[in-house]
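Per-chain numbering from 1; labels A, B, C, D and E assigned in written order.
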Amino acid sequence: MLDIIFAELIIAAIITFFVGKKIASIIAGFISILPLFALIDWANNFGFKTISFGIERQMNISVAGITLHLGITPLSWFFALMILPLFPLIMLYSYSFFKENDGFYPFMLFAFASTFGILLSKDMLSLFLFWEIMSWSSFLLVYRSRDKEAIISYLIFSVFSAFAILFGLMILWHENFSLLLSDIGRINGIYGFIAIASLIIGFSVKSVLMPLHAWAPFVYSKSDEPFVAFLSGGLSKLGYYGMFLFLFTLNGVKILQNYTPNVAWNYLLAVVGSLSAFVATMLAIMQDDLRKLLAYSSIGQLGYIAIGFGIGTPLAITGALFQAFNHAFFKAVLFLAAGAVAYRTGKWKISELGGLAYRMPLTFLAALFAIFALAAIPITSGFAAKWLLYEAAIQQKYVFIAPLMLIAGVGAFLYSFRILYGVFLGENRYPDVKEAPKSMIAAMFILMLPLIIFVVFPGYMLDLMKPALSNSGIESIAHTKFAIETSLAKYNSMAVLITLIAAMVPAFIIYKARKHRITSFEDNYLAGEPYEFHNPSMHAAHNFYKPLKGVVLPYFEPGATYYFEKIYKGIGILSNGIRRIYTGFVQDYAIYVVIFLLAVMGWLIWM
Amino acid sequence: MDVMGIAIKVALLTAYAVIGTCVGLLFMGIGRKIIARVHNRVGPPFYQNFIDVAKLLSKKTNISHGWIFDLALLFSISGILLTLLFLPIGGVQLLSMEGDAFLVLYLLAIPALGFALGAGASGNPNAGVGVMRALVMMLSYELPFIITLIALMIYYDTTSLATIVRMQSINGVKSWAITMPPFMLAAFAADMALQGMLMEQPFDIPVAPHEIASGPMVEFGGKYLGSLMLYKAIALVAETTLFVDLFLGGGVVAHGNFAFVINFIVWLALIFLLFILSILIAASFPRFRIEQAFGFYWKYEAIIAAISLIWVYILVIK
Amino acid sequence: MGLYIGDKMMKYEEWSKLAIKVSKASLWMLHFCTGCGAIEMPPVMTSRYDMERFGIAPMATPRQADVLLITGYLTVKTLRRVIQVYEQMQSPKYVIAFGSCTINGGMYWDSYNTIKHLEKYIPVDVYITGCMPRPEGIINAFIKLMELIDEGKARGWEKYQKYYDKYKENQRRVFNFEIEGENEEY
Amino acid sequence: MNYALVTPCYIAVAALLSIGLYGVVSKRNLMKIFISLSIMETGVNLLLITIGYVPEGTAPIENANFTKYVDPLPQALVLTAIVIGLSVTALAIAMLISYYEKKGSLEYKGGMKW
Amino acid sequence: MVVHPVLLIAIPLIAAFIIPLAKKYGFAIAAGAMAFNMGYAIGMFSYIYSHGKIYEMIAGFKPPVGIFLAVDALSAMLALLINLFAFINFIAIGKEWNYKFSMLYLLAIAGSTGIVLTGDIFNMFIFFEITAVASYALIAGKKDEKAIEGAIKYMVLGSIASIFILMGIALIYSQLKTLNIYDIAARISSMDEKIKWASFALLLTGIGVEAEIFPLNGWVPAAYQGASSGVASLLSFGPSKAAIYAIARIMMVIFPFHATYEIALYVGVVTLVIGELAAFMQEDVKRMLAYSSIGQMGLILIAFSLASQNIQNALIAAFFLIISHASAKSSLFLLSRSPSMGGAACKYTGIVGVLSIIGMPPLAGFWGKWYLMLAAINEKLWLVIMLVFFAGIVEAGYFARYLHKSMGNESKLNLRYKVAMVVMVSFTILLGLLPIAYKMASLPLWGW
């Protein structure tokens, strides 16, 4: 059955090359629901009573003379739960987003098929194979952006990531002489350390961990929004899937902890994650381009997951997985909302937008809810995830990580408000804009559903990840449906919710006690001046956070991107130097030939 | 839980919400009086703020800018009440066992975010600038505050405020956190952060009336402004209480049957003292610019807080 | 406190005593400092005369203010702003006109570009005479205003609504165009 | 083996190769380069012939009288090599003509590089 | 079925000599000959796939004297590749030229096929010369300054190379009195040490010029840049692949020593790194592709050089790398005729080609790199692995730049070009997906 799903995905991808936009999106949307059935079926295995569709859990596929071992594990089931549902909804969204079919759908389907494949792979070759397919199919989607930096940086970083992963896998293969992941076990010493390190480096490219994030702002800000939603929501999780696989399921974290007696190397991952969260948040605050802001926000939010993996206690891992789940949905919603705004207005700069909340109220609601989850407002599931991570950091007394995490959490308010204010509130610049098309709205609201469910019942989330954790030998933490309990404290979402509703009562009485009158937007107090429309300096979102810019930015500006550019230029200089070997004079070439002959001869005879 | 228990709990919570509101308004009035005395003026009567709120709520016209504007009213009062009820007040735990300090930290953001949403929805550029300043201020003062918070957390090995209060009240005043040298530093940093939280001078940059026409509140009038005044009053109590819970043992000095009366009075006295301190600082300093405030918190205060954190860390590791 | 929930219209007559009491004890003022009279405001606010003891506080925006204090002559240009600000204030709202200029043009009685009678354009509750009035006069005016409120006589804002067309007519005569603004409806 | 005849041949081979190589490396005139290449070719052909040489052997013609003849294969090889060399030279000259038509000179002064 | 590999060489040669007699039908004759060749190569390939290796003595002369063809799996594959691509390429470009072009093209193909099939080093030399002479003329065929300059550079270096090859052959012959490679291989240990090494060095240098290895590849950028895109395409799948195969054959059959493998490894790594780095900042598309070809040749050489320890993985790697490079690079060269690559056919050809060279699955290039890595890691050649990775990243850099730069309007290539490109590049997809190449490469009939 698995091979049928794969075959249908691939055939659909090929068909969508040739059909029109609407048919393509319908095909893509419906075909991509198939893997979800597989998800439901596998749920049986983990104690959920569901209907069986008769999909096998194991499958071997032969490609180019090599057998790929595919199958679902509890871990990949959990990750599939967060990644796979994104796809049909993004297809639903793209139904009205694109004007014509110009190569988006086929590669999107390839990316989806390979994502499915990565989650299913049970041996290193198929993991790497699907990883690479995912890389190139997403590269081709980036290629549609026609942006130089995006194309070059994405391809270079993808290849770098692939090679780093390949290097790690190769070492594991060399140590065990088996490609099956389940056979890996006898890795230790320097080889194990290098393998795990290079795997983490490789995966951290896709999961945009800080020094290797340099591609993300370009790619996120220039590609098609539906793809970016999938990239940020879905594909970035694959990096963490890989990390989890090698760190916890395959005991990589023990290797990192025990490699040197005094230094726990996994702490480094946590530090990198926290720096990533902090610095990216600071940079996100400074962005005026909506997509760049969301890109840096993604980098920051994904940094939390790395912190969780780095800390490595059950509490932290639970928090990290929770955060991954949340991020998949809220960031997808945010990117889709940004796309809907751009679809209607054609603008990306926050300072050129404004006042869309009353024009596009449903889009605003979706974005608002996603931002609540992003900023970890209590009672949203975003808070539960971050709370677990904070608790974990305090529990382990990681005094360097905890403040950075928390201040990044505060910074999230700042850039969230920049989105809310600059795009949806403030000056009403687009009086004639209509609400986004129905399919877009539907996609965004359905994507919000999981977040709403886990608002009240964070305990369900912990139940869902229980099989994944227990399969990796990680105990799950004490919880009820509403409350999570750690050794340090307790968080009861129901108490918060009920009290909030109760506290709404006096507020509502005050609200209802006096009638109010809604005035027009122009009726604003500006020292008696009438409102001047379309004066950029009157829009406060213009140069928002300017005071902070002068203080903070100098410390972050020459960031990773700067150094990667230096490296790129350095290779360019090297290249220009090396090209001089080819002088254009055939006499020189003749001399090279003679020298080569003599050298080889000399080497062979006298060595 | 039985019905009686729930009813008692609800009554207690309601009582504390009302007490918090009244105490806050009273303190604000006293604060105005004190500032007036510092300025060598007579000043308004101490109950002036009750009158102000009553007047604002009884205004005939209330101008709104749409439903998002109304969120400011709803979220500011409900959010701050929620925060207040998750704090242990004078040794009474209220709901503080159901959450912890991180929750309180984030709950404090709910009213702020609602307020900011309303201000933004008004479309007034001054409001936008004001909210921007408020958020930058938040980013500024949260860093030293968070660091001191973490110092306390790792020292007591808990994140629950109720536990922190309980552990500080074992030996009465002697076991208060502020009696320990590292926490003296931390308390200093946290007090400065409190000054920013209360938006008193020299950190009243977000609402600077002379520059940006009282910033976020520029379009607020009538019941909206009244609710914001209530919010500010409760926030005053909640934020000072947070400080008291963290460093001053929650004001718990006595144990026993009727100890809660003593503890309540001590708590009231402590938050009053903190508020007076803050008012006196406010009365004697001019306003910072926003980047100066940011630099102040992230350079000096954060370093002081970090020293205390490192000190505590060394103590704990040993 | 006289709160009515629902759609019932609220009439000034139904206003409870308490509401009148509190609204007179907490007059927040917006000082529209157009002319030379503004120089008299700092002494009123600071330690010598200290208007805050009556609950009067300066406000930054008309949305928050109850009293519009117009300190001096008004040119045609300033009048436009004054009217706009007045219309942005929330009822009940009062106007205190400060100095001779607002009564009859004062020393600018023959100027081509000042308006002579403020009363024509917005309803004034209390005038302060003099060129210029002393701080005591200002305090006195506020106390007078409080008395008027107490007696239910400070009804300028109702007048403005009632004769909105007339006021607009007068304003239009000065500006030759309509000012952006709304008559309040209940 | 009689080295009296063979050794000078090897010396000649080395000399021809060196001369040719020197010409290729040092000359700018393309015609001279190709002449040098021809010289080198000659050297190699001589080498082949020399290798196949058997002291006092006769020409490798099938005849009952001749019992000791030089190795015939190198000679066949040399014939082939000469033919190839000739064809290359012919092509080279054709190309040089068109090069001359384009540039007006046979001096190579640098062109496509880097 | 009796297979006569010699027909693969003889038919094009005969056709080439007929063409001047029937100038009008030059294209048709050449196309017919190539179609026959293609069909025959497929037949031979399937025969070898099922039956194994073929030896053929021409005209009944027995080795070591007679001309001798030895066809194993790799050479059958290469013969198929060369003839197949030659046919496709010729259909695309042949009509643009006159009968002379067809003739030269046939000669070049016959020569390349000969290099691959022959089991005799002197024949190899002759085929090299046939290929080379035809290539010189083909490159110069464009008749502009650059073309002639490129051809002259190739010619000078090619002549020197032929001299070295001939000297190497002479040295071997002087010792062993034989030209058959299997005969030589059997008695190589009886050779004088110094002469053995000298002959290897001479052969490596001589063939290396054709195989584009550093630093013998001065002609490569000039010739590729000067040649018309069809000819550049021919050069990339024909002579260069044949030459690299010749190096492999000589190295693995005649000189299977540790030192030779080591040298080949070093040379391969240096070629790879230098080639990729030189391409990195290159603005001219054809020249960039030429440098890239150099790098790929280095990679193939590395694959062959690893065969001493891991013959299985290394040869599979070489197999896939050759296929990937031939199909991708020749279609990219065809594509380089138009400055932009708009339009679906051109765009996807370019993308697939680039991705295959970078090594993305399921294209053939991926399997090449994968098995290369498996082979390299077995010997713990960490530095080599690092350098291959580095070269891959550099490759990604300039190919991304290339893809971005050539993005544009609908290209004006005619349909024949497009079809040829698509068919050529589809081989890298097909062979990446189908297990045939893998099975072919792992057939236990190397016999070397």
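Note that a residue touches a chain if its C-beta (ideal position, glycine included) is under 8 Å from a C-beta of that chain, and two chains touch if they have at least 3 such contacts.
The model shown is predicted, which means the values in this text are computed figures rather than measured ones.
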item: Given chain A and chain D, the chains that contact each of them; value: E
item: Number of steps on the shortest touching-chain route linking chain B and chain D; value: 2
item: For chain A and chain B, chains touching each; value: C
item: Chain pair whose interface holds the most contacting C-beta pairs; value: A-B
item: Core chain by centroid distance, with centroids computed from Cα atoms only; value: A
item: Of all other chains, the one whose Cα centre sits farthest from chain E; value: C
item: Centroid comparison with chain A (C-alpha atoms), farthest chain; value: D
item: Centre-of-Cα separation between chain E and chain D, whole angstrom; value: 27
item: Separation of mean Cα positions, chain D and chain C [Å, integer]; value: 114
item: Separation of chain B from chain C, taking each centre as the mean of its C-alpha atoms, in whole Å; value: 36
item: Rounded Å distance between chain C and chain E, as computed from the means of their C-alpha atoms; value: 95
item: Residues of chain B whose C-beta touches two or more other chains; value: 57-59, 61-63, 213, 218-219, 222
item: Two or more partner chains touched - positions in chain E; value: 152, 156, 160, 221-222
item: Where chain C touches two or more other chains, by residue; value: 3, 61, 63, 88, 184
item: Which chain pairs touch, all of them; value: A-B, A-C, A-D, A-E, B-C, D-E
item: Residues on chain E engaged by chain A in the complex (per definition of touch); value: 152-153, 156-157, 160-161, 164, 193-194, 197-198, 200-202, 204-205, 208-209, 215-216, 218-219, 221-222, 259-260, 263, 274, 277-282, 344, 351, 355, 358-362, 366-367, 370, 373-374, 377-378, 380, 385, 389, 392-397, 399-401, 403-404, 407, 431-435, 437-439, 442
item: Chain E partner contacts - residues on chain D that touch it in the complex; value: 17, 24, 30, 33-34, 37, 40-41, 43-44, 47-48, 51, 71, 73-74, 77, 80-81, 84, 87-88, 91-92, 95-96, 98-99, 102-103, 108, 111-112
item: Chain B contact footprint on chain A (complex, rising order); value: 355, 357-358, 375-378, 383, 387, 390-391, 394, 397, 399, 402-403, 406-407, 409-411, 413-414, 417, 420-421, 425-428, 483, 488-492, 495-496, 499-500, 502-504, 506-508, 510-511, 513-519, 521, 523-527, 538-541, 544-545, 547-548, 550-551
item: Sites on chain A touched by chain C in the complex; value: 512-515, 517, 519-520, 522-523, 525, 527-530
item: Partner chain A, residues of chain B touching it in the complex; value: 10, 13, 17, 57-59, 61-66, 68, 70, 73-79, 81-82, 85-86, 95, 97-103, 105-107, 109-110, 112-113, 116-117, 120-129, 131-133, 135-136, 138-139, 142-143, 146-147, 150, 153-154, 157-160, 163, 213, 218-219, 222-224, 226-227, 230, 289-291, 294-295, 298, 309-310, 313, 316-317
